[in-house]
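Look at the two complexes coming up: chain A is in both, with chain B in one and chain C in the other.
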Partner chain A sequence: METFAQSLVSGVLTGALYAMIGIGLTVVFGVMKIINLAHGEMVMLGMFGAFWGQALWHLDPFVSLVVWTPLMFVVGMLTYRFLLRKIIPGGELNTLLYTAGLSLLIANVALFVWKGDYRTISLSYGMTPVRPFGIAIAVPLAIAFGLAIAITVALWLFLSRTNLGRAIRATSQNPEAATLMGVDVERVAVVTFGLGTALAGAAGVLLAPSLYLYPTVGELLLVKCFVIVVLGGLGSVPGAIAGGILLGVVESLGAVYVSATYKDGIGFVLFLAVLLYRPSGLFGVGK
Partner chain B sequence: MKRLVLRSLAAIGVLAAATAMAQPIKIGAPQPMTGPDAPFGDKFKKAYGMAIEEINAAGGVNGRKLEIVIEDHQAKNQLAATVAEKLITQEKVLVMTGGRASGQAMEIASVSQRLKTPYLVDHPSADMITTKGFEWVFRNNPTGSIYPAAFQDFITNYPAAMPKSAAVVYDNTLFGKTIGGAAIKILKAKGVNVVADEAYPVNTLDFKPTMTKVKGTNPDYVLLVAVATTDAILLTRHAKEMGLTPRAFVGFGGGFGVADYATQLGPLAENVFSSAAWSGNPNDPKTKAFYDKFHAKYGIWPHEHEVEGYSAIYILADALKRAKLTGNLDADRDAIRKALLATDMVTVFGKVKFGNWTGPTGDPFTNQNVYSPEHSVMAQWKAGQLLNVWPKAFAETALTFPEPVKK
Partner chain C sequence: MKLARRFLPALLGVAALAAIPLVVKNSFFLHVCILVLMWTVLGAAWNVLGGFAGQVSFGHAALFAVGAYTTIILYLKGGLAPWWGIPLGGLAAAVVSLPIGFLCFRLRGPYFSLSTLAVAEIVKLVALNWESVTAGSVGYLITSLPPLSILGASVNWEGKVPFYVAAAILTVIALAATGWLRSSRIGAYLVAIRENEDAAEAVGIDTVRTKALTFALSAFLAGMGGGFYAFYFRYVDPDAVAGIGLSMEMVFIAVVGGLGTVGGPLVGAVFLTAVAELVRERFQAGHLIFYGLFMMLVIRYMPEGIWGRVRKIIDGKKGGS
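Take a look at the complex of A and B:
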């Protein structure tokens, strides 16, 4: 029983962070129909941000969130404005290939500059976990979980309560209609891409203390990210949250009750099973 | 006119042959210089560099200088085969060494065997590399099935150390499965109940589920096998996070023996055992001289990997000295292979002599160092330092067992 509770809790905690990476990808897809293959690299940049913040300025990774999130927002906006915008009229396949190239470029530049070394972030308060009811919870993971929820709630408030947020959702639902209603679709696209990048960067910062980082870690994360987003339904934010937590829990339980060797395999079986019965994902609206 | 051309061509040919003799002797070494295993590639590069510098400063090998050609395989098996072939066919190296991990070394061994180039394995330890009957492949270091020899000795001879039960967690690479399998075999032979037998894929990001499962079985010993340092670090961190409190954590594999392990884990590394492949006694004056010189040169203290790389170059230099080199690539490679067969020397690593014999799990070895069974040691992390603790003859400090319970 304790084993079950432990693996459930671990799964939910990890899943929430998976979800956060997924949200960034899904928001961008929803509004611009861009499948951003460089999303994993954006997470990687966030992780390195957290690492260098601590290594160079003794900045606590979680505090450094206030530096890296806005910075990644700007990076995302500039990426969209100068690299992506011209390619968008070329169609979905072109943007897909373009972001794949971008992903390779970022990963290899990072590999060149930071070398292939793996790095970890050690936090003095992260050494011993807290144990409520005998369930071990790593402190950095718990903090990351809390912050991930806070960020997600803030995002939800932004999307549902502000004019810009409503414009983003409107564009996501029907770009033509949104344009006719006076929404500046171009501006919405820039902001959304910035938002997606900022979310990826923030997820990277939150993940860094619990994982290890190296320049090509992005590809590993991107695969998971796709499972989550497609599982939940491309373009759906609640779908990404549900998909992330579901994947986290299934992987965790699968590793405990089946075998860690098949952990990733179990995730993909779930993925295929869900798509078989709900082809547009759990929260997908279909086309 | 025609004759003049022919003559000058002949002259150029002779000249070329003469310069070939004066040219440095190339040793090829595929190593991971980038990617997750890059720190290991760097260790070997430093170790080779120092040995070659010493040999060249002392006049080289029969008047010719040695040169090491390192190619990056990024810890990828497929790439290891490619760069090995490149070194042999394009760089035309006379002899190969290096490899770093078993999966990559197996590829290099196959290529070397096919292209008839001697390959001295300096660190990769999967038994398979020297049990395939490859007569071009030699190995100085002990194989995976020999690694747990010191551990076996420890549980048999240390008072009350016999495990009541044990969990074995290993990566699903050639290396991991070899060592995990050998450890399980030893434990079962002693009648120990193996309560968890868990394989994981390399570079797993989250070991908490595995450790949750292991904790459920309440093991007396936890044996961890990791080829990658990242895995060794996360295995230990997540095991302790999940609250595992066995009498001993025993790590097998390179990841548990590197300085990064202690710097990144801090207090969590304390008292973790590392069952490693090298039995050199740091109190031996020759070994100590090597340690001091290496530290003075690079600012880091050498360990298993550096000693192995450094020794490999000396073994090769010794064979090269005895081989008659003619300038004909194929004949020279065969001459070196024959010279390696006659090797009988002592390096910093220990005694070396290649022979065919039967290993602890019954596999027939080809060209495996016959002294390998003596080269297994258990060390323990103490305040950031890895110190040999077993067998007693090599102990640098008293061992801590069982692991003190902190509350």
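Take a look at the complex of A and C:
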């Protein structure tokens, strides 16, 4: 029972971070109907940002969030403006292949510059876990969870309360109608891509103290991210949150009760099952 | 006359392929030629599905892996020579492709692509963990190849020529198959599916069956490519034959060479191998940077690929459409 509670809790904590990555991909898909295969690399850049912030300037990874999130927002806007904008009218397959090339490019430039070594971030407060109700929780993971919740809530407020947020949701539901209502769809697209990239980068910063860092980590994260958004329905933010937490819990429980070696496989089987039987997501919100 | 014009380039190509080992004695250059031919087969395999039918697969490494493991296991455990093992590897990959197709073809467009990615990851995990069959991460190594004599002369496995001949035969099979496909009824169905799947279905094309057949052909070629890899490099492990990088390289070849063309994969393979060999000496994994960069440039400025662009220019000069 204790093992069960333990793995359930750590699954939920990791799942919230997965969810953040998933939200980034899903808002971009919602507005532009593209799947960004370079999304995992954006997470990787956030992770390395946190690492170098600490290594070079002794910046606490969680504090460095205020530097990397806006920076990744700008990176995202520039990527859209100068790389993707001309490609998207060419069709979804061209965009898919183009972002595959972008992903390959970023990951391997990172591999060239930073080498393939596994790195870790060690924090002075990360050594001893806290133990509420006898369940051990790593401090960095708990902080990351709290920040992820805060960011997600802030995003939710932005999307539901501000004019720009409403414009994003309107474009996501029906681009033609949004244009007719006076929404500048092009501006919405730039901001959304920036937002998606910033979320990926921020999630990377938050994950960095809890994972191994290496330049090609984006590949694995991207695949997890697909599982999440497909579970929740592509384009749906609440779906991505639920999908992220579900994947975190399934992986965590699967590692304990099924097989540690097939841990990642459980997620994929779940993914295929959902794609086949509920392609609109477990909750039927996506389309 | 029309027939001659159609088969002339093919005959010239076969003659050129046959001439290379007679002219070239440098074993490094021959090695590069073998790589080009192997990549041509793999690019053509991917192109059958991705280029003609418009079904972008990110999981072709899974089929390559099935072919490679089948060939090497049949040889090491069953004593079956690789020249029987390679076609059997292709057959095994084609059989494996049926359930994969049955599952993934229910999905369309990007969803299909995502599902193939998941299938490839599952195959890699199985290859890593099903140790009694695949030897896990240790992999299999061929120490010596069986003796073979052709026309009374025994084949020297230390030289490159026998491998070159095998690769050339596979390339001819792959290109002939794509050439046949392009001009066949199924080829026309595939173009219809690529352009508008609903319309294709509405005019009575059994889209699922057509796509499944095409996938099986694509898998057969990819599996034979995998079998050849095991035969030539004599080593198979999950990272070498089932990685996502391999799937991406097949995509790269077909995209850069020209989606939905017969000659494209050959052009793409020459390009890919040239980049890899030029860069490999300088820094590790550097060639992948250039693969990514070229893929972006081609999609942006030349979405029909190098061969597609050349064809356009030639056809334009003839005064055709």
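Quick note on the criterion: the second predicted complex is superposed on the first by the 277 of 287 C-alpha atoms of A that agree within 3 Å, B and C clash if a C-alpha of one lies under 4 Å from a C-alpha of the other, contacts with A are read in each partner's own complex, and residues count from 1 in each chain.
The rule we apply is simple: contacts are C-beta pairs under 8 Å (C-beta built on N, C-alpha and C of every residue); 3 or more make two chains touch, one makes a residue touch a chain.
Worth saying up front: this structure is predicted, and the values here are computed from it rather than measured.
When both complexes are overlaid on chain A, the residue A:S7 reaches chain B alone and has no touch with chain C.
Contacts of A:I87 after superposition on the shared chain: chain C is touched, whereas chain B is not. In the superposition on chain A, A:T261 makes contact with both chain B and chain C. By the document's definition of touching, of the two partners only chain B reaches A:S252; chain C does not. Applying the stated contact rule after C-alpha superposition, one finds that A:L111 touches each of chain B and chain C. Of the two partner chains placed by the overlay, only chain C lies in contact with A:F226; chain B stays clear of it. Counting contacts as defined above, chain A residues 111, 116, 261, 264 meet chain B in one complex and chain C in the other. Considering their complex, residues 54, 56, 58, 103, 106-107, 109-111, 113-115, 117-119, 121-122, 125-126, 128-129, 244, 248, 251-252, 255, 283, 285-286, 288-289, 291-296, 299-300, 303 of chain C touch chain A.
Contact residues of chain B toward chain A in the complex are 33-36, 38-39, 74, 172, 198-201, 203-210, 212-213, 215-216, 229-230, 233-234, 241-243, 264-268.
Note for the complex: chain A touches chain B at residues 2-3, 6-7, 10-11, 14, 111, 115-118, 120, 122, 127, 129, 131, 136, 138, 211-212, 214, 216, 220, 251-257, 259-261, 263-264.
Across the complex, chain C is touched by residues 35, 83, 86-87, 90, 92-94, 96-98, 100-109, 111-112, 116, 219, 223, 226-227, 230, 261-262, 264-265, 268-269, 271-272, 275-276, 279 of chain A.
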